[in-house]
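This is the structure, below, for whatever I ask next.
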Amino acid sequence: MKAVNSLEIPRFSGIRTFMRMPQAAEDDLTDISIVGVPFDSATSFRAGTRFGPAALREASLILKPYCPVLDVDILENLTIADYGDSPTIPGYTAESLDAIQKHLVPFYRKKTVPIVLGGDHCITLAELRAMYEAKKEPTALLHFDAHSDTIPEYFGKPYNHGSPFYHAINEGLIIPEKSIQIGIRGHLYDRHVLDYPKEKGMRIVLGDELHHRGCDEIIAEALSRVQGSPVFLTFDIDFLDAAFAPGTGTPEVEGFSTRQALYMLRKICTKINVIGMDLVEVLPDRDTSGITALAGATVIHAFLASFAWKKSNKLCQGYFR
Amino acid sequence: MKAVNSLEIPRFSGIRTFMRMPQAAEDDLTDISIVGVPFDSATSFRAGTRFGPAALREASLILKPYCPVLDVDILENLTIADYGDSPTIPGYTAESLDAIQKHLVPFYRKKTVPIVLGGDHCITLAELRAMYEAKKEPTALLHFDAHSDTIPEYFGKPYNHGSPFYHAINEGLIIPEKSIQIGIRGHLYDRHVLDYPKEKGMRIVLGDELHHRGCDEIIAEALSRVQGSPVFLTFDIDFLDAAFAPGTGTPEVEGFSTRQALYMLRKICTKINVIGMDLVEVLPDRDTSGITALAGATVIHAFLASFAWKKSNKLCQGYFR
Amino acid sequence: MKAVNSLEIPRFSGIRTFMRMPQAAEDDLTDISIVGVPFDSATSFRAGTRFGPAALREASLILKPYCPVLDVDILENLTIADYGDSPTIPGYTAESLDAIQKHLVPFYRKKTVPIVLGGDHCITLAELRAMYEAKKEPTALLHFDAHSDTIPEYFGKPYNHGSPFYHAINEGLIIPEKSIQIGIRGHLYDRHVLDYPKEKGMRIVLGDELHHRGCDEIIAEALSRVQGSPVFLTFDIDFLDAAFAPGTGTPEVEGFSTRQALYMLRKICTKINVIGMDLVEVLPDRDTSGITALAGATVIHAFLASFAWKKSNKLCQGYFR
Amino acid sequence: MKAVNSLEIPRFSGIRTFMRMPQAAEDDLTDISIVGVPFDSATSFRAGTRFGPAALREASLILKPYCPVLDVDILENLTIADYGDSPTIPGYTAESLDAIQKHLVPFYRKKTVPIVLGGDHCITLAELRAMYEAKKEPTALLHFDAHSDTIPEYFGKPYNHGSPFYHAINEGLIIPEKSIQIGIRGHLYDRHVLDYPKEKGMRIVLGDELHHRGCDEIIAEALSRVQGSPVFLTFDIDFLDAAFAPGTGTPEVEGFSTRQALYMLRKICTKINVIGMDLVEVLPDRDTSGITALAGATVIHAFLASFAWKKSNKLCQGYFR
Amino acid sequence: MKAVNSLEIPRFSGIRTFMRMPQAAEDDLTDISIVGVPFDSATSFRAGTRFGPAALREASLILKPYCPVLDVDILENLTIADYGDSPTIPGYTAESLDAIQKHLVPFYRKKTVPIVLGGDHCITLAELRAMYEAKKEPTALLHFDAHSDTIPEYFGKPYNHGSPFYHAINEGLIIPEKSIQIGIRGHLYDRHVLDYPKEKGMRIVLGDELHHRGCDEIIAEALSRVQGSPVFLTFDIDFLDAAFAPGTGTPEVEGFSTRQALYMLRKICTKINVIGMDLVEVLPDRDTSGITALAGATVIHAFLASFAWKKSNKLCQGYFR
Amino acid sequence: MKAVNSLEIPRFSGIRTFMRMPQAAEDDLTDISIVGVPFDSATSFRAGTRFGPAALREASLILKPYCPVLDVDILENLTIADYGDSPTIPGYTAESLDAIQKHLVPFYRKKTVPIVLGGDHCITLAELRAMYEAKKEPTALLHFDAHSDTIPEYFGKPYNHGSPFYHAINEGLIIPEKSIQIGIRGHLYDRHVLDYPKEKGMRIVLGDELHHRGCDEIIAEALSRVQGSPVFLTFDIDFLDAAFAPGTGTPEVEGFSTRQALYMLRKICTKINVIGMDLVEVLPDRDTSGITALAGATVIHAFLASFAWKKSNKLCQGYFR
């Protein structure tokens, strides 16, 4: 099982898998398991993220294995394969969450870290349920987003991409006291929207706070929260400013650059124990020049490099520490 | 309640309503009631038609009241108002169908012809249920589409934009023997997909047949089927060729021009008793130059002109007869 | 003064002129004078045709000199140069018409046929005034369009892209009895909009009539009208169906294909005496895939080939006659 | 008069008004009056901002009432309604300025703050004239832009979107000594273009200066200039960098992020007395992914939150002060 | 090896292969072998068709196995697999032709019909060379295109997407007397461009001739030419009118609809012995709404259905004969 | 030879040259010579930069001569002309490099600074060869880019847009010890990719290092490297972050803003002796809103202003020093 060599076969060639990695099936075993979840029925505004997994695979063609910032070669340290997509049932949110959970449980049972290509953010609830079903314990949450997604219900119904972390707290899938949401800046329906997660112990770093205090302080705080526990990392692409990630359903201005995101990710993920990750809310039909999918794929690449760095127990060169 | 005069106030001005018609509320009464149904959760491929009603309103700004083909002025003969949109519940198809039905019943109870701006084609099931609930009898169906939408279930679930007419037949909402589907040309999952509607008496005119026999023969056949009954007219924009309507979720090539569509509509609708209409499956995010929404709005305009012509009992001038 | 050879220098190279023709200045003399008029302030709906001349030049790169339908080589029979653009004053319609007229008069005084790249249709009024100022006599009008553009005033003002031919008739610049408007199909503000031009003797061929009677009958009628007089040819790109020319400000469905347009043009223009031409209403910002500018450039090419054919007194080969 | 609740009716539903606010007519009274001015005839380069008001309304659907940065709920403190659009006369700049002024005077006579959705920047001249006609005194100007727009004439004519503030100074509508232009960075026709406004007392903060000195210093300077007087706030979207606001007619690189803009706005507008505001130069046809209209709508939201904060006399929480 | 069932797993899911067919490797054997050739270095105008194979795979997701026109189920009659892409060397045309040829020879040696997803038209030369190397005899050519692509050299070099059929004739790969080019309508560099292929015996049906004589006459002529020999079918997407296939490098107006193309293909391909096929010149970056890739994928589907029909020896139902 | 005055003739008018400068031919002499090189065959991923020169000319229309940051008027200090484009041979990389070199040598022999509008980055090799052929000595290299482009071969061939600086070092065209590459951040095929240039003495400033140390430190280092020698300045537009320059073939996130780029350029270029410059890798088909071409044209403008400033021996005003 080898990735394609892009110096021999041009990277615009061939059937698209993430980073041109080999394809695998459920009973294979690799350090990293790429799984798409093409689901967007839980979207409150613009739909279309069902094409997110395909866009992330396409954008990832351009990525290469060696990360000069961390001085680490991903493929020297990790085995990675693309396991295709989960089934879903468009228009049936609750049933789709069940189908996705069922599809993901075997991955969480194996010694692998699943990386899910979304899909709208509601799928994270299915991932966390699968993780819990497999591992029987809750996880710390490291969450980059413009929205806290903790609204109990929308339109009189429980499941929506604005609600997964309300349910995750409620169902005991995550440990709020060991969790942190970073970059939250979308306007709110009212001042009490964030009360529930805060009461449960969640740390919510507003975008304005991150802008004021800077990345380094928030990195420290995130580490102090999630270090020592298994961590689930969820990255909503709208953490990035609308200029850096226009192709998403509810973009928000006054956000963060890819530099800020990747810097924080590398600083945190080289020091923690991530057991699952997703990258959600890439909406290709609004991503007119493709930079959103590229940003999403590169976020995953930064996680892979950090994970490889940690595994290789390597001392970082140059400016990274 | 008057439309805005576009010779006085440029038509790019103001809050968008269909054809710049006045806004109205549920208890008003007009000959024609424009109602949006921004629902797309039942879509099997590309979502996004929830923005269809807004796109149709925007595109309709360009339309003017006098139709030179029929020599009839719509506004001299009809009162028209825009009643805004129905509620929906994204991600909950069955529940949305109920909400839409509930919203539409009052319109069918009034002496008005509702024209629904879709939305994916699944909403027609809610319209037909509302019509049936109000009028207590089934209707003839005049259906332009590339797909017959008569598949019993998708992904193990009953409601999908590929299934409304299966349910409409099954629930007795339409009279198959007085119904006709025109332009059906999408490839099929297998040869038996069309058996059920045919057995029930539905006439299905394949696209290939319409191309061979020509519009006039099919017009005659449609009239012979639906004349004499109240008729529900449903127009899926993908009846048009992908070149004429690229902005839809499941476009099909080898289709029909706007000329063919409008010609057939005028020839048929000036001679029948339409009690409800919809225009569905306009998907703005894929409608890069806006011609699909324009085609959709003009289809509605052609229906309005035909309806006005019939009401005015006018003998048509010139080339139309 | 020679065109660039695209078999030697790739046609995507170099500073853009129409069909890669040489540039010239006002006092040069060529059979054909290409002049841009980048003006769109008189637009009633979508502006942006001020970038029409540049888009037509860009699209024309792809055109080659030999027309196989007419078996004629344009460059063997005609000298052509690109004279750049006329001055205009954005936001000042009346003053711009004066500036354009002043710029064009010298061309009409020379033994050349000016071909104007528009711009919105209001510029044709300036062209006709320039033609009249130079030649002191009115002209027959051969007009392809979806709109007759004969509304006396818009928003209380005389000059608008919906009004040039009202003024042209009124000012005696064209001879209505020798003129014809073909393809008119836009809906109208009221039934009397077309009364004035008809009363003055203009022949208006509605789109519906052209669809019914076919191109050949209308070609014959056009020839019987305009043959024997000098003819001004004006081609609004929205004569074409919205599918064939999406990039225009007021597109109309139920229109005509490029095949129909070019067929009619060749049949008519090989037999008449054109003294001026324009191609108007190409709006690049709405022309997402560039086919509208390509259609516009090819319409001009068809005119050039017809003109070359006539000049060469050639008997046409093959299917054209 | 209530805004629509987006937790009940999805925000992609219904007839578009700004932030889903109720519609109102001229003789209603609300704290804030949203008025569109769909005018772009005074544009020197790319036209199309006549569709700006519609795009801003569409983009504003996503905005919610509570601002977490200022800890203030806009709708708890302010009544807001959408009053539709002003009339304009495309292609007649001077006459349009008169029509816009006439339309706006009643708003300035009422106890309301009009927020105008542009349109090109020339409309600000009409707004200032209306303000002056109603209030009989000039105002301080707080102006965010890439261009100072103080050129006396373009193409031999006085009114152009590059000239409004020359006329505003000249006509005594603003008090240059109490005014400030921030972010000016477009290249100039010559070094003397900025002499006139400077001689009259205007403070012009070049983009380079803002980059060097940082937002806080310029905020202080702006406050020292405009505090104590009634202030007119005009925000040209091209103050933002082209990456953050590509959809405008004369974008400029080396500009500012939405973070910088909103930070400055909140810091300044919570402390001053704004009597009129506009947001201009959003050009939807160039706004391929919609982030420009979103940025524009969010700028207005930041102003509304600041205004609500000031009205509520609230002490700001957290990082804002 | 089975295709994915789109009634169970939504067709927007999974790793993209043509029509969701199984993947295979060189030594597998299926009736039909899908092979991509992502090469565009030989393009004389717009490059980008290297992304054609990926776009065709994406567009093909929407296609289903049963063709109602021919009443045939492709998958009941044929085994099909996707064999991924050929290697290429961007910027080295001659060397790439060699690499492609080498990659394709094994397919032509097997009992399979390779269908190549292009790529620019120059790759057909490599295909024909591979076919000849494997089978040791030339083939009849059935060629749909707007351009005859028989120019000996461009820019002083032999290989260009305007030259493959010059070389194919010259190298004895095709039998001109048994070959036909249909739809040729691009303007020419000069009148002698088509002399060489005609002298060699090639039949060139100009677009104008096809428009005049109609599809049925040309179908008959094509059959009389290519029946009885093995046939290589090459379909350049620009055979279609620019309105039907905007996403290509050298689009041409005055072309043909998808209806005309598919009608001709079915009528011809059910009666001939095709040994190789390609679909070339789809350029995704210019295919703003995706209809070009859809048209291309459907052309291949029509060929597959015709091939299946022939293999099943089926008597066609309904309107096809 | 004068530029067009955009206060008299609107800048959207006329045949496009860079900054509306006069056109010139090879034997003219100006301080600055604008030359396009429309070549993209050496592209390893997305092609299309052959349309870069045209896009840069179009975008440059908006630029004006006076730079307020440097307080310098370009046209008061420099003569500039647009010399059109170099010949190229699409699909033949080595031969194209020769043709470009031959075209450029005469410019390097004249007392002019050629500014090349690219084109993919491989063309820089032809420029450096031409420079060397004319001047007989190597040059220092000042290189802004996301990629070092020092890979010896791709796909078994020497010339590719990822390889020019390997060859430039190897052929002795540049002096590595006096050269610097700034902003390099693309992931690498392996850790040894950068060994060769480093061993030869090249200074490679990774993007991460530039982010950490800031512009001022890197400016100082660049000056210490290249001052005192003739300098060739090459600017790959992907030095900019993908949000600021989406329209390029291999965009990279975590990059730099236009502010950072222009700030560095002005600080460096006012103090060094540049003898040649290029701006490469603008890919219009991916530049959906045109900001990439605008950024590219403005980079050239910043160089021109710096060059003019240096020539005028002017002391910089305001914040620049």
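We call the chains A, B, C, D, E and F, going by the order they appear; numbering starts again at 1 in every chain.
The rule we apply is simple: contacts are C-beta pairs under 8 Å (C-beta built on N, C-alpha and C of every residue); 3 or more make two chains touch, one makes a residue touch a chain.
This one's a predicted model, so the numbers in the text were calculated from it and none came from an experiment.
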Which listed pair, B-E, E-F or A-E, duplicates the contacts of D-F in over half of its pairs: B-E
Centroid comparison with chain E (C-alpha atoms), farthest chain: D
Self-contact between copies chain A and chain F, residue sets same or different by half: different
Whole-Å gap between the CA centroids of chain D and chain E: 55
Intercentroid distance (Cα basis), chain D paired with chain B, Å: 41
Residues within chain E bordering two or more other chains: 8-10, 12, 44, 46, 50-51, 87-90, 155-156, 241, 243, 286, 288-289
Chain contact graph, described as a line, ring, star, complete graph or other shape: other
Chain A-touching residues of chain B, taken from the complex the two chains share: 40-44, 46-48, 50-51, 87-93, 95, 122, 155-157, 159-160, 285-286
Residues of chain D defined as touching chain F within the complex: 44-46, 151, 154-156, 184-191, 193-194, 206, 208-209, 211-213, 241-243, 246-247, 250-251, 253-255, 286-289
Of chain A, residues touching chain F in the complex: 6-12, 61-69, 71, 73, 241, 243-244, 257-259, 262-263, 288-291, 294-295, 298, 301, 318-320
Residues of chain F defined as touching chain C within the complex: 8-10, 12-17, 23, 36, 38, 50-51, 54, 57-58, 82, 84-90
